[in-house]
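Across the two complexes that follow, chain A remains constant while its partner is chain B and subsequently chain C.
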Partner chain A sequence: MNSSLRLRSGQLPVVVFGTLGLHALVALLAPYLPLLPTDAQNSAALLQPPSAAYWLGTDSLGRDVFSRVLHGGRPSLVIAFAATGISAVSGIFIGALAALAGGWIDEALSRVVDFMLALPTLILLLLISSFFGQDPVILSLALGFMYAAPIARVARSTTQALLARDFVRVARLQGGSRLSILTGEILPNVWRVVFTEVTMQFTWILLAFSSLSFLGLGASPPTPEWGLMIAESRSYMTLNPLLVIAPILMLATLVLAIQGLVDRE
Partner chain B sequence: MKDLARRVIFSLTTFVALAAVSFLGVDALPGDGCTALLGRFGSPAKVEACRAENQLNNPVLVRLRDWSYDLARGDLGYSIKRDEQVLKIILPRLRNTAIMGAVAALLAFPSAIAVGLMLGRYPRSRIGRAINQLSVIAMTLPEFVIATMLWLLLSIWIPLFPGVNVVPSNATVLQLLPNVWLPALTLAAVIFAHAMRTMRASVAIIQTMPFVESARLRGTKERVTIARHILPAALPPVVNVIAVDGAWLLTGTFVTEAVFNYQGLGRLAIDAISDRDTALILPIVLFGLAVYLAASLSADMCVRLLDPRLRTAGQ
Partner chain C sequence: MSVNADNVPDPTPVLEFSDVSVEVRNERSRSRAILDSISLRIEHGETVGIVGGSGSGKSTLLRLAAGVFSADLVLVHGRVSTVGTDLLGATLAEREKIYGSVVALVAQSIGEALTPHLTVLSHFRDTVGREVQNEQLLQSLAEVGLVGEKYLKRFPHQLSGGERQRVLLALALARSPQLLLLDEPTSALDAGIGTAVLATIKRVQQIRGFALVCVSHDLGVVSQIAKRTAVMNAGRIVETGATAQVLQAPAHAYTKVLVSSIPKLDQRVRESSSRKSEAVIVCRNLTVVRGGATRAIESLDFEVKKGEVVGIIGESGSGKSSLLAAICGLVPVTSGTLHSGDGYDLSTALHLRPRRILSSIQMVFQNPDDSLNPARTVAQSLSRYTHATNDQMCAGLRSVGLDEQFLSRRPREMSGGEKQRAAIARALLSNPQILLLDEVTSALDVTVQAAVMKTLAEVQQTMEFALVIVSHDIALIASFVDRILVLRNGRLIEQGLVANVIGSPADSYTRSLIEISAQRVLV
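Coming up: the complex of A and B.
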């Protein structure tokens, strides 16, 4: 949203890089690590404190919190990657098309984008999830298209600015085809500007899905998902605070590390 | 004045258009009041009888017309599922959300302006930067995380406030008050960060402007420079943030209300969506639209009052 944001230049802080690397490793390798199954219930060990067998204790159904927390980012990450991909590709396509075509096509596309920016995102997601089922494919598509609007807006203004730049005019005078100018000169430069917006969106989408899960309309039980885990364990916070602290720490470190990629000042 | 009239008319037409689109959108959802009442397993004959009784079989444009007439007369409709007038369901919830929002606004906005003004005057100070970074955390983390952390901290570890709200939706204000604090604090954390950061950035820019410099060179007292010169010039962007966030306090508090089981409009919206009570969903969506349009309209007018240049620009 904010055009003054840009990707941090120079070296990334080690903390940001390390946190992101750890999260990526955990999310990719969780199914292959020697962990207890995430849905194995043990009625003899409900709400246990941390022990050698259960490193972070157990939840109200006797499931291993450590294993569930390591798996818990995967559903949101898959959705965030899919939806961000959709929003980036369709947003850049719509924005670049509007700027290149101009005229009534530009006018029509811009009005559609304005309309989409005005939509109440969360309530729309809740409606879709409630009426069309908690299907990850539908939710990714919905999130992807909802978040395409801000990208389209940035891509349109960037393309317009680029079209007036000398290097694009030179390429045109040299007889470059429309397609080669688009792919060779315009899209790489649009992508450099849009990339920051895409990075921010990745976290918003991740958090939107987590919030949806927390409200009971995202991931469905017994899937281990941080938002859902926090919702399920809130009543047992007094007995084992780790039940909510562990997924909160995971979610917070992941999101703040991604935000750490973006320079705000 | 002419400008203002045009702005009001624009807002009204936008509302009418969006209201019609919302009606058609909600209508297109698979399910209506009768399926909501009878559930997924209601027999087709019963659903059909219920639809006939409530005139749900009329063509969609006829229903849109009837619904608009009712709306214009102040009749928000009737929830078949809850067997109650929608207005009667919504009003107490709206009151609860408004109380919570007012507390959050009072906690957040004045302090955000004061802190933003202080930090903005020394934009390079270490403490200022640290506080600024800290507020990024409050803006980034989702509400359910902030809410759960506050709950753990201020209700379980330091038992200051009650956690889960067990007060019914029609409780008196006094019964409600102890339960307002935790959700209001959650909302305040989010909006404080927005307003404070905007104020800080705005003050940092304004105080380097020539008119501030000249006031200082004239020997104006620093207190007066801030009150008469910096503050009025720095406030317009903050007024816009306050308008958007103020509207959000009334219409966007689903998650926070869900965490604390606070019986407000957001909690009601989630319940209505979960049991697919379309008759109740639609007025809540419309209320949200109306609040947003009204907020941006009043922000425009406040900015006009603060900035004399804009008052004459339209003429």
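Coming up: the complex of A and C.
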């Protein structure tokens, strides 16, 4: 919807879909590509600059940065997909339920949502992962439920607006049951509105998980993960800047491409 | 047909379009002609009306005249000259100088044209300048019929629709423009208020002598105000001439359709149905309270007979829509009784009603953009609750003048008229005994309205359901229904056969409604 983007709307889709396609291919195919193992250490080649053997050089333990960077999106993407799924489903469920039920149920659910929105996400995540460890299942659940609050809010107001729409009234007049009106009239239209929010959340969750890894509470070594790679290599970035630049570029291009996708909507 | 202001003989016209073509370009760089070789000359002091359906290009024409040109429009060729200046080629500074003092535009949406957090006084100060005297402002407000200092301190939400339109008019006139452009000046107002606003515009114009261009979809509005009328269709001016001549002896085929589509008080478009004694709705002493303490309907007594067509008229806020909503069960009955013909109590909540009762009462609503689920195809919308088969849906669509290829369409691929037809088809698939129509054609062009009403008359005759129609357009009701109910402030003030109510109204309120309507229809 941004006018400055619209001017370049000719090239933008190519860039967006090209970047997303490349990221998807790399994430899916990384284990099958003829790359060096991500955890193979070479004590004879520590912190090497780029060369024919090591395209992006090596890190402080002599591991191939190129291989690690290509593998580094996989943990965050798995978590982001799982957590976004959880946040979308639970958010829409809570929001639609609040709007449909009304009364004290609406009031109670809305206050819970307000409470969730007031919590500082990252600090809560730090607490959770320091209590429960770096279990990807727990992290996905925690991220998913935390990010469900804004979705619930949008879903609630959208459902309320939809209930007053004429086609929903007609469905009631034609004898539609509450369930069939929910699945037939409300949810498809709620999804059209919430979709943008969900897509944006995917990028936030991606960044949140990388931030956790950076702080040492997301992915654990020796897993190749962008946030963790940045954290491990920042002391050596003067020796081989690519150690930090490569994972940052990967994360940034992925997030920007997904947000570009939303802008096109 | 140019009428010069008698005091200033000026050779340059106040507005001139010479061979103007404009295209709209969308994101995929496809272009579509929106104005096609428009030539139009308006002299000082002249009043010209421009009529046409939606998408005919009339609003674009008006915007060009005011020098408003949005980024997706492309001027293919031609020149627009406003009081001798090419506003489209002018710099921003030049345009700002001209705007307001030479040409002024009153935009269509009176709800949005005033800034919500500014008082009327602030609006004037922004337009005329800080140093303006209150007496001067009171004078210009009085000129448009708003007398009293209280109006200066009011915020937009404290003004009625008619008052807002008058304030906009006063703002537009504040810097004494030579040309006033009006975009649909009455479309958001009740007929009576609209007529009064038009009378004010006419009076002020006679005193001040500015030229006036009034764009409207409604020939009735144009006929009240303009001496000369241009008819637009698909980006072209198809006919220009004296308003009376355009209305009484239209030359172009489109104008003929347009004129014949206007409902007229004394011209039936449907045979009256034979009156049966069996009732389908019986309502006694009905009262409906909505939103707190306001009584939308108060002690109403009426019946609807089998196969009968009943029209309900009244101003906005008279309770017309609330009555329909109560009959179909969307709004609870507060007191009194409401029964179906076989004695079923219609004050029962919707989800407790048996299927037989639910499907016997159907309703179609006003807004075509809201009548179908945007996420579903027509086939899905038609069959989801009626469980109609494909053949039934095809027959249903055909009965309202649509073919089966609409089954796979989505609402965004359909025009307003097509959407309303599909909504009517869906209601009919329930096989109702009574169909309630709430202003179903008010958002449609008059030609489309005429076609939809004709279709309705046909299906009503074959299927013989009772029809209750609510409309603000009295001529539309009078030309279509068997019996009329007149509502005012939630009370039934008059009811009877069309001929009796329209021919000799018993109540003075009904008489005034009919008079306003008669004024609007053709001179």
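Note that in this section the second predicted complex is superposed on the first by the 251 of 265 C-alpha atoms of A that agree within 3 Å, B and C clash if a C-alpha of one lies under 4 Å from a C-alpha of the other, contacts with A are read in each partner's own complex, and residues count from 1 in each chain.
The definition used in the following text is that a residue touches a chain if its C-beta (ideal position, glycine included) is under 8 Å from a C-beta of that chain, and two chains touch if they have at least 3 such contacts.
If you're wondering where the values come from, they're calculated on a predicted model, not measured in any experiment.
When the two structures are aligned on the shared chain, A:33 is found in touch with neither chain B nor chain C. Which of chain B and chain C touches more residues of chain A: that partner is B. Once the two complexes are overlaid on the shared chain, A:237 sits against chain B while remaining clear of chain C.
By the document's definition of touching, of the two partners only chain C reaches A:166; chain B does not. Of the two partner chains placed by superposition, only chain C is touched by A:175; chain B is not.
Put simply, chain A uses no single residue to touch chain B in one complex and chain C in the other. Residue ranges of chain A in contact with chain C, taken from their complex: 6, 9, 165-167, 169-176, 178, 180, 184-185, 188-189, 192. Those residues of chain C lying in contact with chain A across their complex are 27, 328-330, 350-351, 353, 355, 358-359, 361-367, 370-376, 380-381, 384-386, 423, 426-427, 430. Residue ranges of chain B in contact with chain A, taken from their complex: 18, 26, 29-31, 132, 136-137, 140-145, 148-149, 151-152, 156, 251-252, 254-255, 258-259, 269-270, 273-274, 276, 281, 284-285, 288. Contact residues on chain A toward chain B in their complex (touch as defined above): 118, 120, 122-123, 126-127, 130-132, 203, 207, 210-211, 214-217, 227, 230-231, 234, 237-238, 241, 244-245, 248, 251-252, 255-256, 259, 264-265.
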